[in-house]
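You will see chain A twice below: alongside chain B first, and alongside chain C after that.
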Partner chain A sequence: MKSQIRRTAIVSALLTAFVAAPIALPNGNSALLGNTAHAAQEKLGPEVSSFFLDNGLQVVVIPDRRAPVVTHMLWYRAGSADEPPGKSGIAHFLEHLMFKGTKTVANGEFSARIAAIGGQENAFTSTDYTGYFQRVTPSALEEMMTLEADRMENLVLTDELILPERDVVQEERNSRTENNPGSLLREAMAAALYQNHPYGIPIIGWQHEIDTLTKEDALAFYDKFYTPNNAILVVAGDVDAETVRSLAEKTYGKVARRAEPGVRKRPTEPTPQAARRIEMADHRVSTPSFQRLYLVPSYNTAEPGEAEALDVLSDILGGGSTSRLYKSLVIDQQIATSSGAWYQGGALDHSSYGFYGAPKPGISLEEVEAATDKEIAKLLEEGVTQEEVERTTRRLVKQAVFSQDSQASLARIYGGSLVLGSTIEDIEAWPQRIQAVTAEAVNKAARKYLQMPRSVTGYLSPKQQEG
Partner chain B sequence: MTFVLKMKTLKYAAVVAGGVILSVWATLAQAVEIKPITSPGGINALLVEDYTVPLISVSYSFKGGSTQDLPGKEGTAKLLTNTLDEGAGEITSQDFQIRLQDNGMGYSFSAGYDSFSGGIKALRSDREDSFELLRLMLNEPRFDEAPVERMKASRLNSLRARQANQQYLTGKAVRETLFDGHPYGRPTDGTIETMGALNGDDLRDYMSRVFARDNLVVGIVGAISEEEAGAMLDKVFGALPAKAQLTEVPEINIETGTKKHIEFDTPQTNIRIALPGIKREDDAFFAGYLANYVLGGGSFNSRLYEEVREKRGLAYGVYSYLGTYDHAGIVGAGSATRADRAQQTVDIILAEIERMATEGPTAEELEKAKKYIRGSYAISNLDTSGKIASVLVAIQQANLGIDYIDRRAEYIDGVTLDDAKRIAAQLFGGDPTVITVGRSVE
Partner chain C sequence: MKSQIRRTAIVSALLTAFVAAPIALPNGNSALLGNTAHAAQEKLGPEVSSFFLDNGLQVVVIPDRRAPVVTHMLWYRAGSADEPPGKSGIAHFLEHLMFKGTKTVANGEFSARIAAIGGQENAFTSTDYTGYFQRVTPSALEEMMTLEADRMENLVLTDELILPERDVVQEERNSRTENNPGSLLREAMAAALYQNHPYGIPIIGWQHEIDTLTKEDALAFYDKFYTPNNAILVVAGDVDAETVRSLAEKTYGKVARRAEPGVRKRPTEPTPQAARRIEMADHRVSTPSFQRLYLVPSYNTAEPGEAEALDVLSDILGGGSTSRLYKSLVIDQQIATSSGAWYQGGALDHSSYGFYGAPKPGISLEEVEAATDKEIAKLLEEGVTQEEVERTTRRLVKQAVFSQDSQASLARIYGGSLVLGSTIEDIEAWPQRIQAVTAEAVNKAARKYLQMPRSVTGYLSPKQQEG
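Coming up: the complex of A and B.
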């Protein structure tokens, strides 16, 4: 019933899920595919092509000619983890401000032109990237490229425009975080998990620092990172590569190389030595819940095959109602109403591996935590079976085929993986890599990373309101 | 990364579809051909054949929904959405879940006020197994006690969790204020008492009344021939009863004017505003849809967006919408802002509603609204097979008919400025209900 204005979303679970594991299009020409992978062999993925403009902009084209729609998506290699100390939230604030006009395009005019053709638009900020997209008819692609290229170098900001927008961001933070005890706990847990790396700082920024962000802060971030050699353009949908190339040269090709951001090198995490616990009680909570995070590598930092093994592990342990955790805690012991695990492998630096559970009435958080730990211990001791691994990998490979049905999903998968350092070949080979995962690899990864000193445990509990 | 077929918005899709389907249908028609089909067993559906990707999407909907929950058994339809996949035929819960996972298809069930809907997205190579699993779920669910109790426990946990959830408290207050005494005013998720008392017999009873062929609509899209689609229809739906036994739901005239504040200790106050609306079949629907777009339906370009967010930075989101149900229509608006700015935000939204009632949209605003609504449909709704299947269902739910599709753009273009002003005065001229949930300000 409710329609929410979502401009400038913080990248949420939905999007990170797309890029967490770079789900790929099955590339059916590989002899590596086992005979169980009939789904993958059935259909070649789209003919994805890529090229660079002279100014360094990478352009990726994903044709999908089924409907007269194109998705135009520009990704910058700049996210909240690239912010200067004390300026938390500036990456996301700048994302809002990118809609405020340029030297030649008035505030709101870009949006108005999109609306005039019934198009959609939005933007999103993550720890490692910021993205802008429009979905329009193919005939409007050139106009979108012109306007997006224009705001890559010609942004104009005034205090009159940006101060109300800073209030908007605070209200966005109120909606997402301050009003939501679960979000506050997650924020505190991330801050504890990352002892040195900026992933411990919320993407939207800390409330007290958002209040101090200025026009100069926004422009400094813009001038450092918003340059064609630091961006990836993804165009998916009813268009061919040659058309995109000529339009890109005509539009983005005219943008000067504005900066040399160089290699993104953030402070790194020490080897964790101590398990941490975070507890929060709030009157807005009615039912308790438990969470556990472990510091693990991402697809980008893992040893070959390790991230794929963690994906398979999370599915076996906690992916849905046939998983080990659900069977044990919810079905057999009947002590929890939910129990599961996840791995979020899409990050430039570290990643996290998570567990969650909600106790049934009369059962304590401690009991749910202990039962979760028992399942983890059992897995570390006995390992997963080859049959569990094969069932999971078969299904993951099949699911990759489903992503072909949505040009917007494809644009997110490719953009979100490339912006973190993957290549198109990496993405297309993901099903093969998943199929190559063995029980031994899963067990090795589990034993290496699911160790308490690497963890943060969180309890969220009800609290009686005073007065 | 799990593929999840999200059809939670089927009801919403129907509402939106009402407003915008036909405006760009010509564009879709160029890309795909919609074929009305009838199975050998006599079941009708709309089909779009497309072999570009090896997938098949099927959407279906039974008229009925949560209004068909028996009094005292509120939450039945919602619980059904969690239990149809917990074992069917000879296959018990866990084995059935493994069958579903091995098949890999996406599937979903959802229950709105007026319909029970679902969909699958299957690989062509696995389609026979997928269709068999769907047949089992819709015809022979087991409702064994253990899985039913497990799903109830999960729902009861959610019901308890909500008791201090601001969003839920706001929605509940709106629903109870607007739909007091009507089936729409009942809690569709049930209460701790009604959910706690439900069992497999209640679920079977609901199915026997609502899952039938005469209240069914189906949309099929993807790598499937007409013949295969017909066989699927007979297999999955052919054994259902010919006629549903629906309890009649009365029409409701919405009365507004209630002002209500609910004290809740949290930094941001929720604001909800409501007025009587119109139903989808109203002749003035398109005019109303366009007027609402100008007020608060056009996300980044509406009057509310401009006044509340852009100029004053009062809120992240602000919106208005036409809510169309089978037996009622409402106009809704809302936002959220910190407590000390909540009254100012309410005042601005009310002032804009009043301005729309007295002045209507300008000629320029109406033209822009028409352009947006004509163009947006293909872009928003026709780029995946699942979305197209939902559209095919929505068309049939609203009884629009294939021939109506071609006339749709004319309906939008035919709305005059006087039409828009007239309906704006009607829709926005009443005494609004205003509900706020948050901290009081001294």
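Coming up: the complex of A and C.
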């Protein structure tokens, strides 16, 4: 069974950072970044084009001529938060099943053809989307498009194919989650953070619900969401927009609109009323650790400028070895081996803002938590300085520049942002918006959201002995 | 607006105890209780009869000739846990709207008619059911049945009627929950206890979702669940089964099967992995208190005998002033003003087992929690004695006897148990099953379920001063 496990990735809403570092321009000339770039004389960034086929498929082309390679990614607006109640894991299970063959392509043939031409492939499921990815030579692009378009409407599933793959998924859950106390704690923290929204349900699914998933469940999800008008195709690499357009019309253009999924409207969170704490002690844990999550808005739900301010705030507080937390807990006080903060702004609905820290031997989790809280309290009281903000925005924009160096990450940035409702203009203007963040905006966002009733605190510790 | 608030009751799954004290027989001759009573020579209990109309309505008649009064209760198998995601509160809102009139009965006329004949009425919504109740003289029974049957299929709703009533519901939520830190904490604890099952959503609904409920939402819920084949009629009092049957056929018998709601299958809980803690400090709190919930099975989901064992366990540990917790914390150690435990076994799916305690002035919540945990640990280690079990089962059976003295509570016991899937035989055999509980069964259930990873702990405390 093990050998059948696909190299797929479950993209957690807590870990991806597409929007947080969407895109910037290679010359680092930050003053000319963003929307204004279009008006500028010099051609500064990739000439991204976007168009729709008649069946509703959005096609985005990102030229990148540095090497004879193309990245072909298809994104569906369908993730684990779109699953029907009680069917957790069906989005991810279907992602596995998409490799099981169609009316004309045999089980396993999709991957075999890519391997035969030396290509790479992957697939991933998140709370808000599912994506399929191949990296091949430009001459193989048409074949990729033909295969991907084929499995958008012609998937064939039988119980014979499905049931062993469900075991594979359970095995994936076992190795990633059931045997990993840190993952179990993260699941419990997400379930506590989201009291009403389906983001509280794990992307891979609850173990006892995966057990009950059927062929009918997979096909119902497929028929509801896998339709051209619910997908975004991103082609990046050594290819021009006109070629992609004609290939797309020839392949994807033949797929009928199979459904009208409409607006994605999930239950939202009530205003949080009380701080929650979760402790997990397990003999498999070697290093204790502390985590804190706060319920915050995403780029998609925040007031204008708020999400950008949260990105700057997380960097000042906890981004790397020059951050306030690291300097205080690791360097000055020497009570922690790690300490930091992060913001995951890429989500259709709510998002989370997190802190973490690991105590040095002899130091308790309570001490690390108290020291973290002291830094937070100090920030809320005294605020950040404009100088800190400027140093941080410069660094964030530079990071965005670096992220553009990889063709695959370019494709992921565009696909992952567009699938969450951003426009190409939003993506291109991100560096500009980050540079517009003021100390006042950071302080306001911090005081609004870093409140204990919005939080879940987690302790992971080694189990000393059986009770 | 206030004067419009209906006298309705939201029945929390955490508070009802229908199944926990279902029914016993008035002479207290416990040796002859239960199913065997039918074979006994003497007539020991009410001669409960049950039959179905052609349209699927179950009718249960409980003769009680002590006074010229009848209790008429209609129970629908539809509660807050049956609501669509994002529509929390619609079951309870519809319960309010059921008094807004039909094709032939004007808004408010239903209640006016009952008041005119000196009757009493009420309505209640729970996680698993919604019920409507009137207490009138036997001569008015036909009118009650006519009115109740009429509003099962002829409800008329307009936005003009709906929108002010939604304000009434919000006002109800404000006074019960938003202005009550204890209620807010209970909501947060339920949301943390149920990570996947809709029992984590409050019966009255989240405030921000109540705001969005529409006429269409109410009618969709009504059309799906308010159908004779999804209801149970209980008539208790000074009336015989044949009279009820002919009246039921004449009134309810005319209502067509409006829908086929089918089996109620909600998402279930994963095995809990980590203890959760919630703290709420608020200046409106005068007395601090501690609570602990454990996820346990209900009478409907437990292994045979397990739920009965949990009922006995909760009584030994925390039922009244002779319980272990009260004797230890309140009398011996004098650290608490109250301390107890409860089990709420009446639910279609999961249930909860709770502990509570309030510290004496000068004592911390931590000390009360630690003392409670010490009693729990002692019980898990040493177990309960057979003598404790027998003393408890005698008392539980006696309590069940007392509960039969009220006609309304008899009707609630039968209706509330049948609507959760019990049979009349189950209800009548409950005293027998309680008497069969052994110390071994109690200890086994305690060790299986009173485990910290299954728990949520709550602290409610006065807010000392603003941070």
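Heads up, the rule we're going with is that the second predicted complex is superposed on the first by the 428 of 467 C-alpha atoms of A that agree within 3 Å, B and C clash if a C-alpha of one lies under 4 Å from a C-alpha of the other, contacts with A are read in each partner's own complex, and residues count from 1 in each chain.
Note that in this section a contact is a pair of C-beta atoms (placed from the backbone, for glycine too) under 8 Å apart; a residue touches a chain by one contact, two chains touch by 3 or more.
Just so you know, these numbers come straight off a predicted model, no measurement behind them.
Looking at the shared chain after the overlay, A:Ala307 reaches neither chain B nor chain C. Look at A:Val330: by the touch rule set out above, it reaches chain B but stays clear of chain C.
Of the two partner chains placed around the shared chain by superposition, chain B is the only one that A:Ser403 touches, whereas chain C remains out of contact.
Once the two complexes are laid over each other on the shared chain, residue contacts for A:Ala112 go to chain B alone; chain C is not touched. Counted by residues of chain A touched, the larger count belongs to B, out of chain B and chain C.
Legend: residue contacts after superposition of the two complexes on their common chain; A:Val368 is shown touching neither chain B nor chain C.
In the overlay built on the shared chain, the residue A:Glu209 is in contact with chain C alone; chain B does not reach it. In the superposition on chain A, contact of A:Asn179 is made with chain B only, not with chain C. Judged by the touch definition given at the top, the superposed model places A:Arg65 against chain B, while chain C stays out of reach.
No residue of chain A lies at the contact with chain B in one complex and also at the contact with chain C in the other. Chain contact summary for the complex, chain C toward chain A: residues 85-86, 88, 184-185, 187-188, 191-192, 195-196, 198, 200-201, 206-209, 265-268, 270-280, 377, 453, 458, 467. Chain contact summary for the complex, chain B toward chain A: residues 1-3, 12, 24, 27-28, 30-32, 50, 52-55, 57, 94, 97-98, 101-102, 104, 106, 121, 123-126, 146, 150, 153-154, 156-157, 160-166, 265-268, 297-301, 305, 309-319, 321, 323, 332, 334, 336-338, 368, 371-380, 382-386.
The part of chain A that touches chain B in the complex is made up of residues 1-7, 17-18, 20-21, 23, 38-39, 42-43, 64-69, 99, 108, 111-112, 115-121, 135-137, 163-172, 174-175, 178-179, 237, 283-287, 311, 319-322, 327, 330-331, 334, 337-338, 358, 360-361, 391, 394-396, 398-399, 401-408, 462, 465.
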